[in-house]
Amino acid sequence: MEGIGYKILGAVLTTILAFVVGMFYGGFSRKIIARIQNRVGPPVWQNFLDVLKLLFKKTSVRYGLMHHFAPLWMITMSITTLMFVPVLNDGLFFSNLNFSGDIIFLLYIMVFGSLGMALGAGSTGNPNSAIGVSRGLTQMVGFEIPWVMALVALMIQYKTTSVTGLMEVQSQSGTWLMFSSPFAFIAALLAMPGMFRYSPFDIVGAPAELASGPISEFGGKYLSTMMTSGSIFAFVKLTLYVDLFMGGASNLIVLVLKTFTLYMYPVLWGAVSARFRTEQSVRYFWGWPTFFGFIALIYAAF
Amino acid sequence: MAFFDLKGLLSPVTGLKQFGKKPHTIMFPDVAEHASDRYRGLHFNKLEDCIGCGNCSTICMNEAIDMIQIAGYEGKKGDSGLRPRVDNGRCCWCALCVEVCPTGSLNLTKDYIFVTPDANDFLWTPGIDNKEKGEENISFYSDKETSLSDYSRVPMRELDGDVRIQSFAEAVLGYNEEEARKEASRCISCGLCTESCPDHMHIPEYINAIARENDEDALRIIYDNNPLPEMCGKVCTRRCEDVCAMTHRGDAIAIRWLKRYATETAKNAEIIKEIVNPEIKEANGKKISIIGAGPSGLTAGYYLALRGFDVTIYEAKAKAGGMTFYGIPKYRLPAESLEKQVGYMQSIGVKINFNTRVGKDIDFKEIYNNSDAVFMGVGFEKPWTLGITGEDLNGSLQAVTYLDVINGGGDMEIGDKVAVIGGGNVAIDAARVARRKGADVTIVYRRRVEDMPADWEEIEGAEDEGVHIMPQGIPIEVIGDKNGKVTGLKFARAEMIPDPDGGRPRPKQIEGSEEIMEVTSVIGAIGQEGDYSFIPDDMKNQIKIERGRFVVDENKQTTLPKLFAGGDSANRTADAISAIADGFRAVKAIEKMLMK
Amino acid sequence: MYNDKESQKIVDIIQNYARKHSLFILAYGTGCGAIEIPPTMTSRYDAERFGIRGSATPRQADVLLITGYLATKSLKRVIKVYEQMQDPKYVIGFGSCTINGGMYWDSYNTINVLDKYLPVDVYINGCMPRPEAVIAGFVKLQKLIQQGKADGWDIYKKNIDEYKANQKKIITNWVMPDFNF
Amino acid sequence: MSENKLNKEQLLLDLLKKKFILNESAVRRAKRVEVKVDPKEIIPVLLYAKENSRYISFAHMSCVDWIEDGEFEVVYILWNPEDKINLFVKTRISRDNGVLPNIDFIWRQANTYEREIREMFGIQFEGLVGRQEFILEDWEHMPPMRRDFDTAEFVKKTYFKRPGREDAKDVREFVQERTDEELPDFAKKYSRD
Amino acid sequence: MREKTTTLYLGPQHPGITGNMMVKLQVQGDTVVKAETHVGYLHRGFEKLMERRNWLQSFTIVCRICVPEPDPNEENYSRAVEEIEGREVPERAKYIRVMTLELARIATYLLWYGGQSGSAGLYTMGQWSVGDRNYILDLFEDLTGGRIYHMYIWPGGVRRDLPKGFKDKALRTMDYIEKRLDDYDKLLFENSIFQKRAKGVGIIDKKKAVEWGVVGPPLRGCGIKSDVRIDDPYEVYDKLDFEVPAMEGGDVWTRALIRRFEIRQSINLVRQALDKMPGGEYYNKIPNPHKWTIPAGDAFVKTESARGEFGYYMVSDGGNKPRRVHVKGPAYVHGVSLLENLLEGENIADVSFIMNSLGTCPPEIER
């Protein structure tokens, strides 16, 4: 009994942590981009205010069940994903629900949120959303390939299919996987901006073409939920990268340092690069990242 | 495309170094708003300088500026008393209103933040609603140089001084068409001048007509309330020009010369009649008598005739025009000009009995009893004397008498050295006439030159012609020889003492400064008064006369209901245009009285 | 939960605080004023300091900027966009044109008085209002939101008949639904 | 000196004169030649100018409403980038039922101009394709650029005006009231507006 | 096999549209098969309004025709009036006008940097360049009293003389902008992704350019050396030293390169104009605006704006109001039929990219 209560408390705390950290990361990134753009930028807690405000907004649009369901789906998927990603190396509190084989599960579930969004967006009937969804799915196919290849390479190399397994490998050997299997890391790293949908891979919701793309018709609570889910998911992705390639984190400070450093990479690259068209981004992902994925696979196999 | 474009990947990344730079963001509203020294922000109006001409309101294509009445600004001559109110729901900050403001009272300031949830707040009055810090914030203004108003008058061509004194030819040549159009186009048509014109002529309209190249309409507008416009165009005292909006920064519009231009386009009485083509009402059988064919009498006669009255004017002299004929020298107002205008009046049915002196040739009572109304425009004929010793000497004469003789075609011996005493237009006229007769003329005036009541143009003209002006000279005695002929003028120098009541400074004789000027004639020109001996005594009792003038109400009606009076003998301003105004007003009153 | 006034007040304060500091403006340049929006949003004036950011679709936007005159053809779209926005929503009128017609007061194709067709919360005067004035307008709007006075959206609903009558006077060919909320 | 300078211009004019019936023609100033032709001559003149005289650039096309004459004047302005000369081809058609030939097969962008002129003046172009509505929407009144369309009157009828400005005074009238000046009616057109 | 066609309305409320207009797209997948431009959302009837306003009042309204770059309108209006009336302009005023026009060109190009890169998703560029554009606007404010609507160039000259210290400030600003342009180059022009986006997109070939009447940078981007400043020099452009770039290519990238060259050239021209500016009068005063009439006649004047040739056809009937002022902006030829033609077969992602590169600005299409 106590164990389960402990777990539930841990899960709640993890979610809150992910939410807060994710939100602050968003705020910091806005601030940093603002500085690069020669301006002051919003306060770092701006994202909280945005979410809070959107929560208070009234909603008067109805597009049917999927429209309601999509944001909920997304946040559920984000939290679920979070549950399977160990936040700290060996903290009981934040290890949550991981099991052997969870990498494969994660690969699967991480796409799931996007699918939910796709369904929701499709139900709104807005052509912008529809085009955005099709772009998003195309692009996903793009970055999933090197990403999956990188993970498969890891799994083959270290003969484990669980995140904790890989973390153990790192803590035992004392080297981070980014050094011990560099090609997989490079492939995953090159695919990462696509996952975050920052420039140059922001064609999905490119305002200059598609208004906001899939989320065009989502406002108020929906958008608020989506933003919450987005920041949790960002935290999840960063933590996963840290877990997989950077040896995880033994405490929260190290975690924040590592994830934030990692986070700066898509943010900064996004600040100074233009946007790829869909086919260009797919071509990009199937170029160098996939090449490194192959190398990683070969490296792992032999 | 390069296989791997490293430069293309890394070059943009150098942009990240901007992170280390301080943002150039202006932290408004933590720091105050910025505006340049020439910024076109909200309006500010210096209410005291504003004359309410409404030019800003007119130039505004958005109709953003209303002229409204504001408590505390009642309006006076040359100030309508209205002030601009801006509707910022219309304003486009083009600042044309500033560029055309003739006084420079309207400006734009550096303030530009005007945010409110209530749209009705945008109706506001500059100078009142931003009284506190409006003036120090003025940023966009228009000075004389940048202003779109044209402040310099088209110069009037004149004969040179030494040519002028050869003859009595008209000294001022008048505008030609091009000059007139140019001058007329300076006018901003505010119409403030009409208020100070005693006759309230339609000045902006006729100037506009001239500017639009329609001289006939201009003449028609002028004849609407002035039947002697050519005379006015030449010799009017033109108070309109004193209050012209342009005077605040430059020369007034030459309203007088423009009127002159418009009237001179009609060469003779027939043409005037053809152009003006007035509507003459059917005869109504009422009989009006007018005493004196001066400006007021002629005006009354003309407009009464147009209104269908049977009008007879009794004139003591041989020519019509009164003082304007006999008092004003011919180089200012040629006889033909007046004859043309009088001829036109006669052609529409005004009867003038010349050489008929009321009281002598015809009895006043007879006229009074036979008429439905009588208008007296008898003027001031009797000159004031200087009141100094030696005035009765041979060679000491009065300017009015002198001018009367000369204008009547006669001549008078004045010798070759003349002193004219006085500083009014009559004095200058007499001096310039004497100059034309070959005399060396000196004007002796008690006060300074700038105190002279005469027109500055006249004074300048006199100086050009070689008339000497001796200001601050008080005549003491006319000195004669044993034959009773004038040989000199004894006068003293004066110093100016400020008036304790705030009036203009008064001259005070300096003891022991007496001098004697050798002259052959002394012409006094210090004023005239009326001669009402033609009125029988029993009637005179019923007519109220104060300080030598008939007392009249605003309808120019004397204390006798049937008797009206105007001109010099009824108003204190004593100039031609006031006389015309009196005549015009009397006409309206007579019509009202008789045509009930 | 607790339906007493005190807790409602606290909710209101939090709610208004969040609304005040997070204003998503709809990227819709309806008139010349749109030219001063980029400088306002970019580095020199940086409106994002106030939590103001652009939003691409009306569904997510809080503030509709009517940046100047509205041609009748635009009016139709603006009304549609306004009605697509979610409550609470605010309208800021830019420049003289929205107040009383501005310099296009006699144009056959522009409306003159905006608040006959849409409720306006704040007017910013200028032609065009410069970025400082725009920011001042936003600050004013924030103040109104905090005081709970920026209730144009509510007024619009209450007086919907009047607004619709005015709108239909201009838009003769009314092909959209009367209102969609 | 200017005689020599206008050589090219005169040359063009002579060429056109030889070839077509010109109602009126002149070299207005340097770089500017003007010809007036009948509507039916428009296409031949323009084609000739484009094909034979290298007036390859279509600079502008405009329409002026001469309501006094009951006519529209349509101006085609061509530009020769080699000689640097503007050729104005003007033609006049009746205001009531004037029809002009469509020239967008000569210059493609003329299509835009013609659509605008069709909408704003109500001139029909033979064979012009493109949506009837170009700028206006649901316009049921007279084409607005015609001189007899009174936009101020239309605005008064259609749109609102913010109240509160009724107390405005006209300076001239205000002073007139104060002085009892009576302005005759015929003079009022000279009052400032 | 025919793919399903979707109708996509780009605008009028759309962040990617330059200004307030609408492009109705028929798309198959991401490809545009048919485009139709709808304008009129900004129609104010300027030309009608000018018939109701006198010659001076009309001057204040013309700058509103093109919001990003109002000065060529003022220049055109003034020059048309001067041509009909025969009014002389003082030499100094001509130099000031040229300087103003070139400053406006710089400001417009800086805005274009923002628009072009913004439509390619590179927002930092826009933040920089639009932010830096304010320094040019500050100059305008010092010079004219207005940031956006200057209402400065008017018939007979310019409205005010240069303020004290303007020359120094202008030169300092020019130095600053020039330095910043190097940063822009690194971020935008050397950016491989931007190059990938821009190259081979929205191609106009030489023949098409002539046939459709393309003007300005897009025309020069097709390899045709054409610039009103050289072809039909106005003001004092014939006394200044500059060259017209022309590059083969005709795609978005070439147009961008042309603009990149021209903004530097404009900086140079501003320096030249400031340097060579003579003293003396700056304004040949017009008469009282209420009574200002202009003899009957007509004129067609052209000015090279940042986006191409701006033409004014003006007719006077001898009265105090213009009979007709017909404005033709560069977007008039670019933004309607050419755009429709150009968008066919392009990717949706490139629609606003191409619009920006053509400099489409709806207010001057419908006015």
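For clarity, chains are labelled A, B, C, D and E in written order, and residue numbers in each chain start from 1.
In the analysis below, a contact is a pair of C-beta atoms (placed from the backbone, for glycine too) under 8 Å apart; a residue touches a chain by one contact, two chains touch by 3 or more.
Note that the structure is a prediction, hence the values are computed from the model and not measured.
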Steps needed, at minimum, to go from subunit C to subunit D via contacts: 1
Subunit E and subunit A - chains in contact with each: B, C
Chain whose Cα centroid lies nearest the overall Cα centroid: E
Which of D-E and A-B has more C-beta contact pairs: D-E
Gap in Å, rounded to a whole number, between the CA centres of subunit D and subunit A: 62
Distance between the centres, which are taken as Cα means, of subunit E and subunit C, whole angstrom: 30
Separation of mean Cα positions, subunit C and subunit A [Å, integer]: 35
Whole-Å gap separating subunit B and subunit C, where each centre is the average of the chain's CA atoms: 57
Multi-partner residues of subunit D (at least 2 other chains): 136-137, 144, 149, 151-152, 162, 192
Junction residues of subunit E, two or more chains touched: 14-15, 40, 43, 45, 48-49, 52, 60-61, 124, 127-128, 131, 149, 187-188, 191, 193, 196, 290
Residues of subunit C touching at least two other chains: 27, 42-46, 49, 54, 56, 73, 99-101, 103, 105-109, 113, 127, 130
Chain-to-chain touches, reported pairwise for every pair that qualifies: A-B, A-C, A-E, B-C, B-D, B-E, C-D, C-E, D-E
Subunit C partner contacts - residues on subunit E that touch it in the complex: 12-15, 19-20, 40-45, 48-49, 52, 60-61, 64, 67-68, 111, 114, 126-128, 130-134, 137, 147-149, 363
For the subunit C and subunit D complex, residues of the former touching the latter: 72-73, 76, 99-101, 105-109, 111-113, 116, 166, 169-173
Residues of subunit A touching subunit B in the complex: 32, 34-40, 268-269, 271-273, 288
Interface residues, subunit D side, partner subunit E - complex: 31-32, 56-60, 62-65, 75, 77, 81, 84, 86, 88, 107-109, 111-113, 131, 133-137, 144-145, 147, 149, 151-152, 192
List of subunit A residues in touch with subunit C within their complex: 30, 34, 37-43, 46, 49-50, 52-61, 128, 207, 211-212, 215-220, 223
